[in-house]
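Next, two complexes with subunit A in common: one pairs it with subunit B, the other with subunit C.
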Partner chain A sequence: MIMADMVQILVLGLALGGVYALMGSGLSLVFGVMRIVNLAHPSLVMVGAYIAYWAFRLGGVDPMITLPVALVILAATGVLLYKLVFEREARSAKYSEMTVLLTFALAMVVEGALGTAFTNTQRVTSPDYATDAFFIGSVFIPKGQLYSGIVSLTIISALALFLKYSAFGNAIRATTQNRDAAELLGVNVNLVGLVSFAIGIGLAGAAGALVSFVFSFFPAKHWEWIAILMSLVVLGGMGSILGTVLAAFILSVIAAYVGFFFGATWSTLTFFVALFVVLLVRPQGLFGEKPELA
Partner chain B sequence: MPTIDTDDILEQRRAYNESLAQAADKTRAVWFPIAIMAALLALPALQFVGNYNYLIHLVLFTASYVVMASGWNVLGGFTGYISLGHNVFFAVGGYFAGMAFARLEISTIILAPVAGLVAGALGYLIGLITLRVRGPSFIISSLALVMIFRIFFENWEFVGGAAGVALKANSLPVEWAKLPYYYAFIVMAAFAVWASYRIKHSKFGLGLRAISKDEIKSESAGINTRFYKVMAFAISAFFVGMAGAVWGEYLTYIRPNIFLIILVSVNMVLMCILGGKGTIAGPVIGSVLIVAFNEFFVATLGASEINILATGLIMMLCLMFFPLGIVGTLARHRKLPRILNWD
Partner chain C sequence: MKLGKLLASSAAAALIASAAVAEIKIGTSLPLTGAFSIAGAKHEQGYQLCVDMINERGGINGEQLELIMSDNRSDPATAIAQYERFINVDGVNAVFGTFSSRLTFPVANILAKNGLVHPVPAGGALRIYTQGHKNIFYFQPNAAEYVGSSLQGLISDLVDEADRPKTAAVVSADDFFANAVETGFLGLKVMDPATGGEVTDLAPGYLADAGIEVVYTEKWPEEGFNDWLNLANSIKRSGAELIIALSASAEEAVQLTRALKTVRAEPKMVYYSQGTQVEFYEGTQEASEAILMHTSWHPDAPYVGELAGEPFSNADFVAEFTERNGFAPDEDAAIPFAVCQGIEQAIRGAGEADNDKMGAWLAARTSSDPVRTILGAFNWDSVGLPIDKPFMVAQWNGGELQFVYPTNEFKTSPLNYPKKGW
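After this line comes the complex of A and B, so read on.
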């Protein structure tokens, strides 16, 4: 019986990890290329979730179908934000601090706008698979979380393949490793920055569509997500997408066990405490190579 | 052959520096802050001629933010470590004094310095841990701190959990009920501004400013950067905790969602950035402007959501176009009015 419980919790933890992995990978990409700690990322996930919510509520559109739309809309928003805000900061002396504060302010703008437009009521989309589950013996797998995990891993794999095998992906990775050297070798780092920023924000939109049926959400909830996502990218090693994905699974499973043994309140605390411990013990995380932030 | 005495030279240099400082003091408009203080101390007399409770509340509210922003400025402005989690100390001060008031009936105004010291001690301990990282990592750790304390306070039954604790209102007639808190905050604000002036012009403050310019160089110049940073963290926590102590009794309740909301810590940061980080007058000007903005958005538009939107927008514009803040930008163009040059 206890064994079955343990397996059940493991499954639930892994299922949640999939969604967190997608939320975190966009953040990680943007940090890797642009050195921007995008505190507004979760609020943009929220925008994606609202797009999916209204499409479902008004048109009965399945969030899985809205997903690519949210991705494109948010990617376009990303281009706009990059052009309006972040490009001009590139030469600022206190660039990293500046961008953290800017994205923090942006998060407030997005939260305030969403709150004004849609109020702070809890929302959730409920396609029929969201409340259904598969059973394997006594272990149940919620369909919504399973599907979202599969979709999220598919998108992340596609991203990984793009980064690994396409010419532009190589340019992105080169810029991540060494911006100056990449520029010297003829990489248009400004374009790389723009495109990866757009992809990162687009991934936030895609994650939002998945989040819309996995969690209930309201505009102010993104603060909680910020700390959760930060713990993922910090544990994974800032800028490493593989690290972020692994961290997402590790921490969600630990959080699920903490929730089981000590109560649901303490399960989110896992992420925050992990963030602290990693920053202090191993600031470069699991896969990070650049201790420059330490 | 005349012998050159080193003591003589040092004495001459000291006298020369003093004459320079006196020359600078002559151009300083010391009367201006004193006049403001006098006006604010006399302000409650308006209650004799009408109902100015709202005005008194606004001044009190602004003064509370002057205390907090000036405190934040010691760490964020002088030392260059941006903390987005200083409302943790606001909560610690508030809960310490609030619980003492609820259980032992000791006035929070008397307890405020003690609550400040408690917050400062906690700040010292937290600083020992989080100040090992800098830049974005430090900012992230400060955000995580808020989340941890929020969960902690919401689940701690002794302090009432998420519902908090109701505190007894004082027995003064309604037109005078605000006055003890009003004077407490005015005095604390004046103390905070004076203290940050003294800190900025001390050897300690010079060390802090060196750290904000280049930490590695200042370390190799012999500054004990770790001790300096942690002390700056503790001092800034002290002021924020002191403000929190009286704030609870003034509101007559303590609850996690009045202390540990992100808007409180953002306000501290924004006031310093808008007014001018690392200046003395900056946090004061920032507090006045941001409180006025907040009142405008809440009172006229009636929605706290728009308030969040506007606060974020002001912060973005300020960061993009006036990163030095009002005082910093004016000073750079040598247009800073004499009455605002408090540095």
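After this line comes the complex of A and C, so read on.
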């Protein structure tokens, strides 16, 4: 019985981690390439969730089907945002600091726009699998989170393959490692920034489609996500997608066990404690670069 | 000469116009965004409808009402600042209360300090009413600590003794309101947060009174909690036959219901402190079947209140609300409407929008001469809690929120028990 409990908690932690992984990946990619701390990322996840919600409500379209549409719409939004807001100051010495304020403002604008358009009431999509589970003996695997985890890892794997084996992926990685050196070697860093930002925001849209049936949501919900996502990105190493994915699974599993043994209040705290501890002990996270001393 | 007449008539017209637009300013700070936004937005609808209808019927004593509304983002500090602004900058004549015990508790001190009548639409925690304020009037049946008496009565009156739930899981948000309801169920002490003194001891509690053993308790944090499946699994593992889930947020009620369905928990009875909203049904669908919750209002309740000095029934409210908004109201729109009715009657009764006189008039209401609203009649005890107003218990059945208890008030639907799956 105790072993079954332990396995069950592990399953639930992994299931939650799959959803967090996709949400955090886009945030990590954008930071890695552009050094943008995108506080608006979860609010753009909400946009993806609303796209999936309305497609489901009006046309009965499964959020899994809507996912690529949300990805493309948000990626296009990312292009617009980059050209209108983020491109012009990309060479500023204080760019990262400026983007914190910019994206904070953007998050509030997105929240306000969603609230005006769709009201502040809660929404959730309800495909049959969202509240169903596979049972193996006394252990259950929630279908909604299992499917979203599989889709999430598939998308992240495709992104990893793209980054590793395509010429443009190499350019993105080079820019992530050293923007100036990449430019000296002929990489069009502005185009790399644009495409990376679009992919990152597109991932937010895709994550939103998955979130739409895993959690209920409303425009202001994004404030609850940002601290969790930041803890994943920091633990994984700012800019490391692999690190973010691993951090998502590690922290979600730890939080699940903490919740089981110490109570639900403490499970949420796991992410914040991790954020503080990592910043104190290993600020570069699992796979990030060690910060240079000035 | 003509010029003189023209000037005189212009001055007279200006005087008449200024008299016609004389206004009673009423301020309210609501959680239109943030954790309580679902209920907050509906409170806005209820207040606005009532003010609009009073104005359309000529206002109060010839004066139109102006409603000044601000979004406090579900944040207590913002709510306090906004009520201070209403008083010190906008110069309001009266206020409507905000939503939730968490926001009402700190706001109560500001309004008491400034001598404003504080009509509370949603703020059931007993501690709000034991601070010694004389200006506060609650427009729901009773303090949250006493909600459990309705469930105890329902089980005792409607469920065969042999078939009653014998064990319970009590899970709640770590929230002002939810903690208050939990205190009554579990028989805990109500403490005054300011003095640390004991307000009252509710031992042994409604569950113990009903002979139900509590086999599992858990709290989740007020914000940022996502591990609903883990919580639902723990509830299931406890084997509790009665699940009591307490929160001030309908969104959390949806999340927990979906999780309980996913893990296939098998309780006989489920009781929530939130979930009367259509959004709850939209998010839970057939999983809502047989879930019970207390409520202060039901569309079928045959109450007749007053509006603009004329009789105005609950059915009138449902019809007007539905016609103007295109959808039916729920409890979160009806309660603020009743608050507005109460303040209107207080201004009429006092003869003017003078808060001392309004407070005295409200405090002087009796069972034979009450405030009459779409929630029924109200008169209050010395701390501002209504006298002799039991909570109603409703149950979702077939997508309809049915009124099931108490059975001696008006027509009820049969109790759906035990719950058959999700």
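Keep this in mind: the second predicted complex is superposed on the first by the 289 of 294 C-alpha atoms of A that agree within 3 Å, B and C clash if a C-alpha of one lies under 4 Å from a C-alpha of the other, contacts with A are read in each partner's own complex, and residues count from 1 in each chain.
The rule is simple: a residue touches a chain if its C-beta (ideal position, glycine included) is under 8 Å from a C-beta of that chain, and two chains touch if they have at least 3 such contacts.
Small disclaimer: the values here were computed from a predicted structure and weren't measured.
A.B. asks: Following the overlay on subunit A, give me a clash-or-fit verdict for subunit B and subunit C.
C.D. replies: Aligned on subunit A, subunit B and subunit C clash with each other.
A.B. asks: Taking the superposition on A as described, I'd like to know which of subunit B and subunit C A:L280 touches: first, second, both or neither.
C.D. replies: A:L280 sits against subunit B, while subunit C stays out of touch.
A.B. asks: Does the superposition put A:A113 against subunit B (first), subunit C (second), both, or neither?
C.D. replies: first
A.B. asks: Going by the contact rule set out at the top, does A:A76 touch subunit B (first), subunit C (second), both, or neither?
C.D. replies: neither
A.B. asks: Kindly classify A:I9 by the partners it touches after superposition: subunit B alone (first), subunit C alone (second), both, or neither?
C.D. replies: second
A.B. asks: Contact-wise, after the overlay, does A:V85 reach subunit B, subunit C, both or neither (first, second, both, neither)?
C.D. replies: A:V85 sits against subunit B, while subunit C stays out of touch.
A.B. asks: Please work out whether A:P142 is in contact with subunit B alone, subunit C alone, both, or neither, and reply first, second, both or neither.
C.D. replies: In the superposition, A:P142 touches subunit C alone.
A.B. asks: According to the stated criteria, A:E224 is in contact with first (subunit B), second (subunit C), both, or neither; which is it?
C.D. replies: Both partners, subunit B and subunit C.
A.B. asks: First (subunit B), second (subunit C), both or neither: which does A:T265 touch?
C.D. replies: Both subunit B and subunit C are touched by A:T265.
A.B. asks: Among the options 55-63, 73-81 or 289-297, identify the stretch of subunit B whose C-alpha atoms clash with subunit C after superposing on A.
C.D. replies: Looking at 55-63, 73-81 or 289-297, the stretch of subunit B that collides with subunit C is 55-63.
A.B. asks: Both subunit B and subunit C touch subunit A; at which residues?
C.D. replies: Shared contact residues on subunit A: 111, 115, 119-120, 219, 224, 227, 265, 268-269.
A.B. asks: With touch defined as at the start, can you tell me which subunit B residues reach subunit A in the complex?
C.D. replies: Touching subunit A from subunit B are residues 82, 84, 129-130, 132-137, 139-141, 143-145, 147-148, 151, 154-155, 262, 266, 269, 273, 303, 305-313, 315-316, 319-320, 323.
A.B. asks: Given the complex with subunit A, which residues does subunit C contribute to the contact?
C.D. replies: Result: residues 32-35, 37-38, 40-41, 73-74, 174, 218-221, 223-227, 229-231, 233-234, 237, 250-251, 254-255, 258, 261-264, 279, 282-283, 285, 287, 422 of subunit C touch subunit A.
A.B. asks: In the complex, go through subunit A and note every residue touching subunit B.
C.D. replies: Checking each residue of subunit A against subunit B gives 37, 39, 85, 88-89, 92, 96-98, 100-102, 104-113, 115-116, 119-120, 219, 223-224, 226-227, 230-231, 234, 265-266, 268-269, 272-273, 275-276, 279-280, 283, 293-294.
A.B. asks: Quick one: in the complex, what on subunit A touches subunit C?
C.D. replies: 5, 8-9, 12, 15-16, 111, 115, 119-124, 126, 130-133, 135, 140, 142, 144-145, 215-216, 218-220, 224, 227-228, 255-256, 259-260, 263-265, 267-269
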